[in-house]
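Going in written order, the chains are labelled A, B, C and D, and every chain counts its residues from 1.
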């Protein structure tokens, strides 16, 4: 049975792999500098974002991109406002902190930074002058760590708040494709580009071998990126590989259908929706809805163990009553048949 | 004409690419943890190094590996002894320094750390107690930045010196395969493993898409690696891709020939030797010999420009008389025909 | 009227100042190395702590001492468990974080790290292996940031927990003298020395111009301290000044009374107790008791403003009903007359 | 006999000590914020520098001030150009490097950064784009580490070069008073203030207990200083002590003589000149002249040992012939009688 452990448990999507094969014998200068694939991918992404003046840079993975963007945006005595479950706060082994920047967590437990909570953090941190770390930016994720999807209303409200304090907003888009193709979404890439100082289009979790495309509008980050990416060990020698993949993912399809970057995520979301519907019908308690490619269900410990073994799921929380919240993740590689198999197994468990 | 710009200007060698294709549909847990390819590659590398107790870890690229190994070996008030042209000193945008560790350069202009110079640095740095950075390790490269190859005698002499001060030795092996298959070499992987606290087997510059295999014997680095690799942004989500490539490169060949990791480098070295012989015969002045896959020649500025345009070479030095030292790099992808074409062009330039 | 703003708003206590005057014309080697006053102070402190093998080092101020001790105890991928109101978490502008170490806050709102909360943090941080910062030590303060005093029972219970995870405990003793002379205290310096990897005896807030005496039992910190104190900018050139002050503060008094370091704090505590009693009698609501030299009272905003103006107090919290929690701090310099004046003013405000 | 070991081996000059005694019972808010002495000292220093718009901030010691100024001026991927014997390069245990900034040493062996050498470093570091650390500022010392004194011509030439690359110049003035009162000097405080982004007026080595006054014209450093000084552990709780001392040192003298800050240094320089003249007359070989309060002499190893024992001198170099270069330092506390005693001893050694 297919594992539903993670969206980075797969290789590359077939079209992406083919692009790598097709270009494998080309020679490129390296470091994402001056090769045709990176340049073409940059142009396609700028166009997709409606942002002709943005810099588009290619990084290897999410943690690395976060470190580069945040340390490039902040002075080293500043801090980044985020939720307590933000990836940079909880799951990156102090990678942002290792650059000296401070994580300033709100109490937003739903994974969305709210203007109210951001304002509370701002006031507290600026209440004693220099004795506390000054907030210097806001970090959000879309989809959030627990699969939430930002709406226009919520996103613009936060950006308005950030603007009022002259704080740049950085959006971690490791799963942005899943967010943008969610039924819950009403944001466009252009909306995001119009308000974020920087954000990235995730590739690793959306059909590529590796790679994130960082879109930069902030002049300070534009200036520092080329140095920071090298200083932080995030510059890929065979950088054209990133260009090749993003070029393919954002290339217009001959049949007029949406670019692969969207299609892969839509496939994942559709399989997730089908899985969610089936699980609920079987009586499983959903935890957080079915907006994107991560699903959470409440199970008992026997079921937890069974699903871990058969579907590779991870456990996220233990509830007060001892039950567990497990996560299934779909991807471009998931098929309706895979979902049916998992549902059949889930049915057997409850029968 | 094929570019001779760099050994990372190529895609993957065909066998490596095929291994990636063959395993593309497998699902793996991620992060180099617990997948069969990483585990198999680890076993193959341990055996090749005669070092059953070593940890073998997979990193993405050279700078990242250096940062991880050095910050894992040193306390943050210690420094690393290396030559003034060491990659970590000159060409990594302060990546090691960004972790707070200090570069302590000798005056070894030939690229080999000598015991005499290391001792001079040691004495100077320990002459005023705590007012100067204490040396905590030694960093060497094989091949060196200017294509030198360490011999047993030279290597053991340095290791003896380092042992006498209880300083671990770390070997940057970005081009180690080229060194080990050089006519000038008499070292084995087992020799290196027997004396180095850690070293790595370069993949990026030897036929892989990306990847370096770090062999760790030092207990301190064994303990810290899992955390540091994540903290420094060097942990690849689809980590099994690194395992797949190193597994293929160190797998026994059915025909009994040497593993691909050696063969790729031998091919590069042989093409380099042929190119060197031809250039010298044409009257070009060699600068540094033909021990490995990097060759340096002294040319005038017209020739420099011509070679840059046609062969993508880089300029390394300007001599006092205004002439230039340019570099040609061969790789697994270079063929005798490629060499012939470059030699034909070189001949035309001088005719 | 005397300000009750802070215990570092004063100059030196008269005996300390006199010791500085008496030794002013002596020449010393500098950097706390090899002068008679530092050596004598070290011996006196070792004896006071019943810890003949400890290193005793002199630092300039609290933040600097915390940075030095924590970065000397932790590897740079580790974190320090503390309360959310710990000085290092809230009020030092990210100074500890600037060394790359991570603050791991419990939810202990009373200022005491509890074994239960520490265990919760430990389990959470170690739940995903290397993807989260590993706890490497525990940081406590005595008195706590909100004037609490550790008891033997509470202290030993936490140390037992820390021992069970092999985590060193570091005690920030900026106001340790006030704690040890509190009616609520049953700990001795020897108790603290017997269980802490390191702790410091605060001087800045207890009658000295500046200075904290760091007592080190942990071998790792013993080794790193001499380098870290310099690397972190915390080594005072005229280091003997620190020795002169601590020598005087721990010197046996001719009349057999307790050393000045205790006497100064006892004076401050006694004035605080008198002030507390008087304020409560006047109907002011105490917030947190009268265990040490910091007192908190709930007042309305008019009273807040009045006390700020006349007594220099600081506001710590705003309660849900809009009332304010203000702080008065006593010191070695406070006299019963000062307290009477403040009480007279407080009476007038409520009349 | 008086030691000639260092200018920080003394306590405070009598007038400075008296000022501390006179103000000891005053209460101040702390942290150099809002007390009359700091404010007055700021005004006096601004006036002395002819720089009404500068920020004047008080730090504790030289290393700490260097760390604060350099990390406040540079982004963390930039480097600082200085000589190879610069204090920040050689003698501060990697304190600047610990902030991630890179030391970029010229080959100026005389202690003065020259435009030619600075230009060479600039060209080298910018030759490969982002692969090397970008220079972001220039660091100089006056007097230099080997007692040299900057002239107008030399200083303006370097500043012109720095301006041409838009690099701010920071002057470490730990011994600036000695430089400005040197017979070799033609610079004024106003000259320095007119061209430096920041510089400091040393107090520790010129009659104070501790303290350096940092004059800031650079807007970026003005903004970051308040945070960086706290983050780097350099903010003194009883900050008014620094204000009291600098206030006294720059206060107009009633008899119209120069302020103490200059007078103390002039005394030291005059004693040094007398000592130099006497030593040379006795046949001792001078090494570097007598421009300021540090003197160097070439002696044999017996003399070295004798002077170390009797005069506390330090050894700086060992010459190729085995002879030693020792250093004598005079200070505000040195008297002509002290010099005569040392000369008598020196005479005896050679008789």
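The rule is short, and it goes like this: a residue touches a chain if its C-beta (ideal position, glycine included) is under 8 Å from a C-beta of that chain, and two chains touch if they have at least 3 such contacts.
Remember, predicted model here, so these are calculated numbers, not experimental data.
Hopping across touching chains, the smallest step count from chain B to chain D is 1. Using the average of C-alpha coordinates as each chain's centre, D ends up farthest from chain A. Mean C-alpha positions place chain C and chain D at a centre distance of 33 Å.
Note: centroid distance chain A to chain C, computed from Cα atoms, is 43 Å.
For the pair chain B and chain C, the distance between C-alpha centroids works out to 51 Å.
The set of chain A residues touching two or more other chains comprises 76-77, 92-94, 98-100, 130-131, 133, 227, 230-231, 235.
The part of chain A that touches chain D in the complex is made up of residues 33, 71, 75-78, 99-100, 129-131, 133-134, 224, 226-231, 235.
Every residue of chain B that touches chain A in the complex is listed here, in rising order: 2-3, 5-6, 8-12, 17, 20-21, 23-30, 60-64, 67-68, 92-95, 98-99, 204-205, 209-210, 227, 230-238, 241, 312, 333. On the side of chain A, the complex with chain C involves touching residues 76-77, 79, 90-94, 97-102, 128, 130-133.
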